[in-house]
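Presented sequentially are two complexes of chain A, the first with chain B as partner and the second with chain C.
Up next, the complex of A and B:
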């Protein structure tokens, strides 16, 4: 079993693989990240059978936390398998912060947090803003500190999907991109290494200052979202809210009471950026 | 061929000995503890001992998780209690939920999955109806499986609650009806002890006998180290002279003396459980059990495929007579 270790924000991973290539890719893209001694979670990329290790190799996603019905991926999508496995450990295992399925960027020590369903554009927006004057904090999970309420970064590789791939390659001309993986279960996927400042500052938290619920594909607009709706939507966006018990409740309550929230509609990055800047100026 | 799970056995037996672990040793220990569902238990045993910072974070997380499991297990038990409020018979909690509800050491830090309860066999239709009425529903909508459970198993087909997504196993005895030993379920129910909330737990001897039967007379020893740890805790907590002599008679009455003796011997050998000298007999097959229980590598993967296969075949052999096994596997195979 080949092995690779990486620290992303507060979480440390050990990734084992029967094939060397996915780990070489990880080592290349995560080369500026710290290497932990004792990992929090182990994940394993293993062949579904001895035969499928060599012929049309197929990667089963195993690890400390597993989904019983997770479909294997072709070896060419090994990098995606590793990323999915690491996300799964966080979603099912992490108990040190309130975990929100959200993206975040930072400016002046304050965090803009964006949450929504897959396809809302939260990941692409964070990646884009990360190249336009904001510090990128993460495109998948935001970790809310249970004592201070601060947002803790989790700047893993950015996962770009479908039309976001072309848009980001045009925006981030100096960006480092992974291989194009066409027709994955989530569509076309291409990973992107976060900007250098995001990696260098990955242990620096920021105070949540604005929460957005973006919706991609509608005419530019925004509306206020009331605290009870925000609370309900964030309990659904959190994988560990229930497990954290009273701490989860008090952390989420404080978040909802102190962070203004808006839903925004947009058709492209330029519209979105204008809305973000307008709301940031009004609310923060 | 590795037996890295001995790292976990050693750490539970001698927590201070973990001071000798290097980072690779810690990584293997924590990975194996997680896959054996003993990380919460390990976190309890290592409380207050100096450990590397990275390990301390992982153990804190395991404590949060164990508390969550305890809280949700007790909540689920209370939901069942309310659903069965009009049922006049005893509702006996079993396994993990029973340990935490009774405040036993075996429940400290324990991983708890489904809710297991036991009721009188004659009352199954009434209990089933009450649970269905309170929001539980069948997991398997398969006529063969359903009939198989009802004719041959020691429990109803599993039910899952449609809102809370939690499973309940309703037992009426402790072994499949096709297994050779025939435990006296009626005696278990009549000797069960009441908790303050009106639910029951098995008597100390029956609790231990059930755990031993589950480990050595039914399953294929998956998760066996956790199960054996339960047994170690029960023996340590209950094991006075009166208990040990009652245990022999009670286990013989349930036709389960052999698995109980094996549980006692293996707990002593692996976890250093204090047992009376009369129970310390070596059995030539014990070493195979230890081999099977500790067969993991430092990634937490099961090793010793052949030993595992033998124990898998054994588990089915114990569950049903050969002709019936053949018919069962034939039906399962045809259904794909």
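Up next, the complex of A and C:
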């Protein structure tokens, strides 16, 4: 079993694999990240059977936390399998912070947090803003400190999907991109290494200052979202709110009472950036 | 006489719930169950008015009527319906006389 270790924000991972190639890819893309001594989670990329280790190799995701019905992926999508496995450990196991399924960027010590359904563009917007003067904090999870309420970065590889791949390759000309993985269960996927400043500052939290619910594909518009609606949406966007009990309640209620929220519609990155800048100036 | 008359209700003790009013709804976190309830008025007002007393719907209505400007006798059925909903949520307990 080959092994790779990486620290992403506050979480330390050990990834074991029966194949070397996915770990070589991880080592290349995570080369600027710290290597932890003691992992929080272990994940394993294993063949579904002895035969499938060699013939049409198929990667099953195993680890401390597992979904019993997760479909195996072809070996060519081994990097995706590793990323999914790490996300799964966080989603099912993390208890040190309130975990929101959201992306975030930072400016002047304050965090802009974006959450929404898959396809809303939260990941692409965070990646784009990370190349336009903001510090990228993460595109999958925002970790909210249970005591301070600060957003803690989790800047894993950025997962670009479908049209976002071409858009980001045009925006981040100096970006480091992973292999194109066509026709995954989530469409075409290409990973991107976060900007160097995001990795260097991944232990530096930021105070949540604005929450956006982006919707891609509509004429540019925004509306205020009240605390009750924000609370309901964020309980759905959190995988550990219930598990955290009273701490989760106090952390989330403080968040919704102190962070202004807007829903934004946009058709392209230029519109989105203009709306973000406008709302940032108005609300922060 | 309504079905709820004669039934007394007792609210979850105040130190067992965390109540956070938001813009249009109120969050009630129940320590015993770890469940967050999202309720609308008059549920939070009912819980606050009941305090530690075991009360019928009529008594709750009269107490609320004294605090807010409405006719308690006409509101008793509405209060009884809300009390039964709160009982189903586990935020009040039915104590049969």
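The rule is short, and it goes like this: the second predicted complex is superposed on the first by the 284 of 284 C-alpha atoms of A that agree within 3 Å, B and C clash if a C-alpha of one lies under 4 Å from a C-alpha of the other, contacts with A are read in each partner's own complex, and residues count from 1 in each chain.
The definition used in the following text is that a contact is a pair of C-beta atoms (placed from the backbone, for glycine too) under 8 Å apart; a residue touches a chain by one contact, two chains touch by 3 or more.
Every value quoted in this text rests on a predicted model; they were computed, and no experiment measured them.
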item: Simultaneous placement of chain C and chain B on chain A, clash or fit; value: fit
item: Inter-chain angle, chain B to chain C through the CA centre of chain A, in degrees rounded to a multiple of 10; value: 60
item: First (chain B), second (chain C), both or neither touched by A:96; value: first
item: First (chain B), second (chain C), both or neither touched by A:12; value: first
item: First (chain B), second (chain C), both or neither touched by A:245; value: both
item: Contacts of A:226 with chain B and chain C, given as first, second, both or neither; value: second
item: Chain B versus chain C as contact partner of A:39, first or second or both or neither; value: first
item: Of chain B and chain C, the chain that contacts the larger number of chain A residues; value: B
item: First (chain B), second (chain C), both or neither touched by A:185; value: neither
item: Nearest-approach distance, in Å, of chain C Cα atoms to those of chain B in the combined model; value: 5
item: Touching both chain C and chain B, counted on chain A across the two superposed complexes; value: 242, 245
item: Residue ranges of chain A touching chain C (in the complex, touch as defined); value: 226-228, 231-232, 235, 242, 245-246, 249-250, 253, 256-257
item: Chain C to chain A touching residues, read off their complex; value: 18, 20, 22-25, 27, 29, 31, 34, 36, 38
item: Complex contact set, residues of chain B against chain A; value: 23, 26-27, 30-31, 34-35, 52, 54-55, 57-58, 60-61, 64-65, 67-68, 71, 299-301
item: Complex interface listing, chain A residues touching chain B; value: 1, 12, 14, 16, 36-40, 42, 44, 64, 93-96, 242-245
